[in-house]
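One chain, chain A, appears in both complexes that follow, with chain B as partner in the first and chain C in the second.
Moving on to the complex of A and B:
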């Protein structure tokens, strides 16, 4: 081996490391969320759903027309048996206070009586709740588990998706800015 | 007061480390004995200061001092005592303190046992070790101080993540860190040797035991972690190729390679540049692990709180440590090549092949771990790399490696006679094939790879035993002679035999529990039962229990074989109110043939009013733990091996050594 090539060989580990370090630096971008799972639904029309009301809740079920019209429509999949949904619930109550937001719930594979008790105990953020006993809507929307939340614009297109519970920090730093952006509202 | 003392000790430790990194280095450059000797005193003081800081943190946890933010965030007055103690390192700040403490511990050990090292090498090693500590202490004090107070103090703490409230956590991180940080010393030796421009058998004799300490601790730590995942996460799996698992595995692979080639330097003075590179890489992989776990760069079940600012800080440290040492390598290492010559068939070439395969395996894991990150940066696509990738890349690399592992120990240095070697291992090879065939028949076929790997497991155990028998001339010499040889065997020999055989045992367990695992998920009412692997499990009832800091539903399950009850399983589903987090506590019945593993799942009210039970049968899984334990014992025995005397201590320590 010639001397020059040999020196290059010994330099190789450094070069590889520098390339990796540049990648690491770019990867540290605070806006990047390694947990984000892109949904094939994002920027597509939301699947049409028509779900009956939850018995005894006193709220309407979900009609396809409800997914359009409001500046922002939030579709939240939840269930009374799901512990993280309990943690998420106060944030949904806050979200319902936002101007221009229509909150729709999908009660996923639940029992009506338990669902009514859940909302009576923790408060009701929803305008309408569809009852999804067989989990059909869950399949149509391609969820990974409950809770899961979709954010639709006035045309009924899915603009953002959040998997897992929305905690207080996420709501403030991530969700609310997105909601205002989708709704074309500032402040 | 106690937290302030701890904080103050940290600041002092930083100052001592700064002095320790500069003065001995300068002393070694000038050949000034007094200045070089400063390193030893500083190393002791640094260790004492950090031990003080660590004890101060533990004390704050013990008395539940909720004026300390770290205690508030990770402890609770009702938490059991063991978890109050282990909680001190179950978080980012505390674990970093443990990390730095270990760094200082290894520095102190070099000062203590390094009497027969050349003074300049010892001074440089201690200086590099202190330089690493400087980086991490600045990082701690600037971004991750565990002693920050909170005013006004809350009434009670937020408790430790319930998944971490487990006896395994008390031992898993300290062992893992002992391994990670142990490689720092090997790294310091490598950098010091590059500065000195000299690597000789004496250097290798020094590096070998420290590599073994790190390798053994890291291996045991990984095995404990796998065991913890197995019983705590409730999926019945013990390895998920999760990024954080991978980053602990990579330094272990690099360390394994290093362990093997360091003996080539020791015996034959070959592979010197390569050995130094491996020593740097093993610690670089450890640092990379620290970086990934603490920066939120990759998604993982283990990651600490995500904080990009900390990430940038560690990246800078990484850049200085890894980039600096690799640059030094590029500059100085070309002078190090050369060494004893050897034939194509020899122990040297066997170890060369071993190193190539291990490096390829390490590179595979590295690519798999970082691929999602780089893919996302380049194309914006989010991908995840899971077990299928590793099954198709890492596992095939293990095939030649395992075959070679059985042959390698029979190869003599310089030149080997392949025919002779084959005749010695033929018996073990045939017996392994027979065992694999027998397994295939007994198990009614099964995937080819699985049968193959059971054969490899047998091959590793048998070839190790044959090699041992060979060495003590079993059946060739009178039995009493053989026994005398057995007790007189060098400890390194025992270490190798146990490590190789232990891996064989572990491979059997890994193969069995991966390939022949059975799973049953059913919703049961009390009184109903399900069947798995010839067992009948009857759900008797579900009790409600209140623990010290949790509430729990406990299922009482009777295990029946042929209508006779043989055991009771008590899986639990706990809810920790402070963290508002449920956990599953699996119930496991362990037997040599396989574990029966029961998990009480979420109550699925939509389906019925029953209880969701997940039950696994995991064949041979216990042999993973037995095998890794045997490997660790091999490592420990080998560490304690008496080092051949290199240089008699002719000069008193303080006398100056001439500069080169």
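Moving on to the complex of A and C:
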């Protein structure tokens, strides 16, 4: 065997080690969620579905036209039986205060009475709430569980998706900057 | 009497095959196609389980939707297209063969070729054959004979 090839062969284990080390180091990124499933909806038009209102809530249901128009439309899938939704709720209330944001809710596989009680107790951030009794809207939005939140631009295109509850830290450092960017409202 | 009992018992097991009788389609051929498709669709909240095996609510919801779409006359490709538009390729238990998954599909072949190349190089570089052993010296021969017990006492 020629000298050159042999030298390269000796280097091979070190090269493999470096490649593995880089891979492991990237895997250690604390922002990486190994369970996150990339949503094919991002950068695509939001699913155009109509949903009935939640009985007794006194808010309209969801119409496809509501997904467009506002600088930023936030679609939050939640349920009264979902404990993380309870943790997330104060952040939704804050988000509703943000200028240019329209808040829409989808009540996933819930009881209307329980949903009404939930919003009465914790406050209502939503302009409209659609009732998804059979989980069909959930599948149309490609969710794996509640809560999940989608951020749409004025054309009704999905620009960002958040899986799981939005905590205060995520709202401040991740969500609000994205919302301002989508709405074209910097600062 | 025994035959009747056996028949009655066989009726009991029938419920074990069905996922949920309320979900099943009345057309057996269509139901069979739906069941076959369930095996290819990943339950999105489970660890590597198909929606055919899963009792998760979202797996049930997907089964209902898939059966409905079969009844509306859609075929397997259209239904899988509906699901991947919402969940991406993640929802398929067998990843599709395309540019992004080329490495995934070809890696066994690559590993085999690399191993073969290493084996070929190693074999080629082996010294041809060990040279014929040199004859024993007289001293060695004496020792050999002694060890073999053939030396005269």
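Worth pointing out:
We take it that the second predicted complex is superposed on the first by the 157 of 187 C-alpha atoms of A that agree within 3 Å, B and C clash if a C-alpha of one lies under 4 Å from a C-alpha of the other, contacts with A are read in each partner's own complex, and residues count from 1 in each chain.
Criterion: a contact is a pair of C-beta atoms (placed from the backbone, for glycine too) under 8 Å apart; a residue touches a chain by one contact, two chains touch by 3 or more.
Predicted model, so just to flag it, every value in this text is computed and none were measured.
Of the two partner chains, chain B is the only one that A:87 touches; chain C does not reach it.
After overlaying the two complexes on the shared chain, residue contacts for A:18 are found with chain B alone; chain C is out of touch.
Contacts of A:65 after superposition on the shared chain: neither chain B nor chain C is touched. Once the two complexes are laid over each other on the shared chain, residue contacts for A:139 go to chain C alone; chain B is not touched. Of the two partner chains, neither chain B nor chain C is touched by A:168. Touch criterion met: A:109 reaches chain B and chain C at once. Between chain B and chain C, more residues of chain A are touched by B. Of the two partner chains placed by superposition, only chain B is touched by A:26; chain C is not. Shared contact residues of chain A, touching chain B in one structure and chain C in the other: 37-38, 109. Residues 273, 277, 280-281, 284, 291, 295-299, 308, 311-312, 315, 318-319, 322-323, 326-327, 329-330, 333-334, 370, 373-374, 376-377, 382, 575, 580-582, 602-607 of chain B are the ones that touch chain A when the two sit in their complex.
On the side of chain A, the complex with chain C involves touching residues 1, 37-41, 47, 109, 134-136, 138-142, 144-145. Put simply, chain C touches chain A in their complex at residues 44-45, 57-58, 61-62, 64-65, 84-88, 90, 121, 125. In the complex of the two chains, the chain A residues touching chain B come out as 6-7, 10-11, 13-14, 17-18, 20-21, 23-30, 32, 34-38, 79-83, 86-87, 109-111, 114, 133.
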